[in-house]
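These notes concern the structure reproduced below.
Read from first to last, the chains carry the letters A, B, C, D and E; within each, the first residue is number 1.
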């Protein structure tokens, strides 16, 4: 199917445009349309997965991508400076493909969980579909400009989705979210411009990520490899690396720039939390993969310890914070911080295993954390309350719910046999085996496993075991077990979590060739 | 010659001095006309007769009368003096003196090129031709500006009268 | 006239300029401030006229004439606005005007 | 390949059986039992038909293979696991008969058996770790089976957390090993593992096998259903640590081995001491298990791996028998609504009420006590002999190991005697209720387990410390040359212990006196022992320490933290509170400060524009003047 | 040459200023028509026809003759900007205007003419006259509102203007004195070695700063923008500002200073100060117009960075930013106008308009574009700005331009704080006030126009060629 990526990218947007024309009263239509749009997206991405050739063993980055679509989008002639050229350049490789499929899947779950949105349905689903397109755009863009545009444009729908459909302190949360991420993306913007000015393809400045990763620097670029000269005491490349680290670190999020996340999560409506945790964080991580490590491998080698340090701090700090939380959703949010720390550690290891592990961990977390937020949403739907202390002994009243909670909590704490374990394991294997990291990285990161067990189990103990108790008797009538819809959201996630935990190569096989090439590419820069 | 120069200088300094130190607006307006006349004298000394004439006609005759009208229209003149208070005198004085010193310093530091051209007999004709040739655009432009100012002033005054 | 004398004219202009600034900054009455503005503009005209001596084209003088005309326009507009203000607020001081319109 | 499937079926059948039972509408247990029987029979078939070793590998992750290795040892242990769990499941038909969550129980048991078999099959340390964790999970689930009961979930969590800490160490050890050798297959291990991974692996084993100081969780785990305790916390799962040590011992760093030996004997002694004065029947058995596991670990540490494995094997039978016996007793007392179903002080005279239970309990107890003609004697002797050899080789402090071992043997005999006397002899100290007879589902498993605690099933020679299991494993090893006195010494000590117990607790003694004396401990030291050296409180004290440090921050917080003295989590909770404060003030601080500053500057500049026009002009001119001055000067 | 020949040549050359002539004549016709009839549509028609005809002549233009080319300067860029001004002027008709139509449009035309002359000026005299023309029109228009504070703003504006023009006039005099010529095209760097003439140039630059609202000559902006009629403000914020910047650009090109010359550094410093003052000043504003006015001050600062460049290379970026800025400001002020029609003046009042999602949504897009977030034209503009600054840094190694870049980036972040305030109130803020039943309804027409503006901003992002091709079209006509 030619241009399949474009279809994936544009289709939800197209449906969103169609929705604009439909009067706002017909709420059911919007739900069905959104569901259809995301389903089509999902089917297309599955087709993409089927059509993907796992065996391609690239020699350069330009050879690594499949389903490439390349058109000149903007080609301005700027007299003496040359051409200002932006390409419509899409493609997937082993790193982005799993994330593409993941995001279409999570978006689908998100639509289902949006089913009981009552307020301003039209606006909600239009924004949701725009969000879907822009997330997808981030994963498939091979032109930095398109990536950046999608990266930025996620903010607006997210801002409104949190700000209008969110909880009590929603406006605070949405603004905090917006400011933090905008700050981050401006750092990225600066580097983007530096790169654009420094990289040429066929004699023209280009935003092409592929050219950037292949290192086609012009001779006068300050970003060229091994350039002398410093800005503020750093070489230009190191500075760019740090800027990108901050930019994507905010999105990831990594301690100490994580504070937007708990607030945003707590105030966001359930489906948006699902998308936020499942996908938005992945976009930050994907940026680290594709841009930070793809373009600056030499600095990545140099600064591996720094990245690992932030990773370890995120793991431990996020974990201990999760332990102290009283709000279920907030706890899950902090656990996300902790989990994303593993991604940083995996990247910092600069080994094939570590990279695969980080990628796998992204996919796995992309399945587990939406489920955890759905779980928090279930109790919130019934009682408008998520405080852990308000509930006890729910297992006797809601056995199916408890089953899923236990399943996903154990997945979250990295129990073998579930996908969470594989990611953490591979990351740790990478960290221990890496030549670039000292042993303390692995030893400290592994403590995160203990902490995650502590907060998940403690939560189970407090909320689900013991004698049945709820804080307000008024909730009693709502304390029914999972509905059919809720079950059908959780079951696919549960199945995938278990299947991927047992057969991780279902994902890993797609990415291994790309990652091997990546590592081999990295090793060229070893001093 | 020197005496004339000194006289003119004194006129200006006196006029400006009154403006600066007086609180009475009417006095200031008269002092202004004094200073303007002095400046017209300077123009004569600088071989710019036409300018001097314009200065006297328009400024001394026009602007000052306009100002006087302004005073009369905006104040009840009968019986009381039209006084204006002053504020920020000290900082303003510092600023003014500083600017004077700086300008004077730059002037004294600069060497002025060229030679003085001899006085022209047909100055008015020359200027008239220049208006219509070299400065035709400016000439047209100022005509339009006059129109704009006229319409504007009239319209605003009319608005004021209507309300 | 020798070269040195030029400087004195320029000093005169500088004097007018500073005096104008002082007036503009200190006086409360709007008409008084306008008088200060006149001083400022005259100082510029003096400069133009001074330099005009060196110019066979007499451009400086021409410029000064234009400038004088513009000054008139400016004053007339200012007075029109002033009139408006006076009609509306019965004040002619800038301070009072600010107080009035802040209410 | 087909043989691989054969073993996979053995492993997965119990799980499938349990799950079918769980999802079937009528809560049937027959599936679970049937599947485990098939599994057992298949294993026996395997033992009979296989003689060599089997090795399978599969690429699980890219460039990373997981391997399965099957030899006689693993097959034998699988047979043990399936057999005992079969007996336990049968027993549970009665014991759990009226529980509404019966099918859930069987499903969890199925999960456990599956994981345990997986653990035994695994060769790759990582695969082993995976099942290791799953075993821990099923233990957690089963301990927390009666989740509504107070304190149960807490105990379950504590058990899991202690295990998790140790497991993490194990994982770290495995990963370090991988980083150093790029090999995780035990079968392919060679040479010495360096110290750090060795000790980390050992810590992992300590956690699972409840070695001091991780032993606290095992006593807590006793809140689970007693058949579960029999299967998991006595016979099989806790032995997994020993199994791991057995497998890896030849490659471990010598220092690590020495540490294992010392820790083992400390644990053994500790368990025995604590067991002496307990009243709770399950607690006694739990401490006794700890003590026996200490023996096993010590055995590995001193190099008598085979003896340890043998002890593991024999211990599984008699300890399962004891636990099931205890379960039977408790079930009985529960049925007749006695005051407390677990307290020795409210038992007595059960000999006649529960004859089959008594008989089996006696046999298993004597095996535990290490009297000749019972299995326990044979295997324990092997370990003691090994330790003697070890001490002989090392000299000095190493003699502490066999010495303490022998003392422990005496203590063991003493508490066994005490337990049996208090439970079965004398007169009943409970209010008599309806007489209930033992059912076959109870007595048959008990009898079977007791039967396997007799010497004859292990070796013809009652004094031998090498069962035919050794020949089955094709191991020949002998310590006969030295320390031949050891068996006799241990017999003597055991008998002495028994006599001591009889003299203190013989029927007709004033139980009340003894009991009261024990009930209100005369001295603090007794109390310490009674509470297992406060091991479970240790963590709480650590937490309190942290809490006192952070009192200040709590005061700041003004909210006051509930006295949530949960395990070591407390320290973390307090710590996290502090972190949360840091989060609010330090991390968010700059952002807020920035917002405030920008607001302040904004006010200033807005003020500049809204103030009076002439002042603004003044500012403007001031700036112009400054610029001019700048020009003049530079 | 004989006078007669000269006059003949001049007559011939008049086609050179055909478009301006048309504007002036149209203005006069409009004024006269206004005396006869108050028919709004007719007035708008004349206004539009004048502008369209002028536009036509503007792009049809041929190279100027000898005489005029002394006083006026012309290149493709200036023609493009003139077209932009004309278009901006033309778009004023979408603003509703009930009273004083004829005079108002007359002054608008005068403003456009003045700005075009300002850009084209080659002679110091024309610079002065055109700036004064623009200033006079602005003073008048500021008082043209029917609010009382308009007069105050007008008189203050006038005072600032008078002071600035006096300063500039002195500067012009000094320059004239040293160079002995009016024409900036003959400037050479050597002429500017002496101190006095440097002061002169500085004063000239200050005079232009006043028109562009650049620190420290920005102080008149908020009051003026707040009280002048919105349609006038929309034009104030665009036409004179851009005209002044184009002029400034030419001045600096002719000066041909080295990039590290102190004057350039000083101007860049003022540019940064402008950005900072504009951004931080806006943070505390609760009146929407004042807020936007501070925002536009910051935008002047951004634009100034593109003007003061060592070479012509960055004119595309400047052109793009200007066009986008024009569109954004027109759009923003149009929407503000619509809101003010229903009495929303302060930011917090936007919470009253919860029902009008389309209008508020459109406004949000426009504001977001002003911040510079994709996918809106404002982002592309910022992108060009940052790119150019970076390129300058690479080319010259000037730390100042790097600082400028950083200041711009951070100001962009900070600008979010205030621009997003309106969407915050319009969408997120809970409306606690008692008059929540006050329902706001916008006419279909204003909704459509606002939507068109927002869509244009989107379209320009996706097809930035559009603006460039407009310019190249104009260029082609000339060549």
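One rule holds in what follows: a residue touches a chain if its C-beta (ideal position, glycine included) is under 8 Å from a C-beta of that chain, and two chains touch if they have at least 3 such contacts.
Keep in mind it's a predicted model, so treat the numbers as computed, not measured.
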item	value
Subunit E and subunit A - chains in contact with each	D
Each chain counted as touching subunit A and subunit D at once	E
Most centrally placed chain - per-chain CA mean versus overall CA mean	A
Chain pair with the greatest number of C-beta contact pairs	B-C
Per Cα centroids, the chain farthest from subunit A	B
Chain of greatest Cα-centre distance to subunit E	D
Separation of subunit C from subunit E, taking each centre as the mean of its C-alpha atoms, in whole Å	27
Whole-Å gap between the CA centroids of subunit D and subunit E	78
Cα-centroid distance, subunit B relative to subunit D, in whole angstrom	103
Cα-centroid distance, subunit B relative to subunit C, in whole angstrom	6
Residues within subunit C bordering two or more other chains	13, 17, 21, 24-26, 33, 45, 50, 54-55, 59-60, 62, 66, 70, 73-74, 77, 81-82, 84, 88, 94-95, 98
Where subunit A touches two or more other chains at once, by residue number	none
Set of subunit D residues in contact with two or more other chains	613-614, 617-618, 621, 624, 628, 632
Pairs of chains found to touch, sorted by chain label	A-D, A-E, B-C, B-D, B-E, C-D, C-E, D-E
Subunit C - residues contacting subunit D, complex	21, 24-26, 33, 94-95, 98
Of all residues in subunit A, those that touch subunit E in their complex	74-81, 84, 120, 123, 148-149, 152-153, 155-156, 160, 163-164, 170-171, 174-175, 178-179, 182-183, 186, 189-190, 193-194, 196-197, 220-222, 231
For the subunit D and subunit B complex, residues of the former touching the latter	614-615, 618, 621-622, 624-625, 628-629, 632
Residue ranges of subunit D in contact with subunit A within the complex	59-64, 126, 129-131, 133-134, 137, 140, 144, 147-148, 150, 152-154, 156-157, 160-161, 164-165, 168, 171-172, 175-176, 178-179, 182, 566, 569, 572-573, 575-577, 579-580, 583, 587-588, 591
Parts of subunit E lying in touch with subunit C, wherever the complex brings them together	124-125, 128-129, 132, 136, 139-140, 143, 148-149, 151-152, 154-156, 158-159, 162-163, 165-166, 169-170, 172-174, 176-177, 180-182
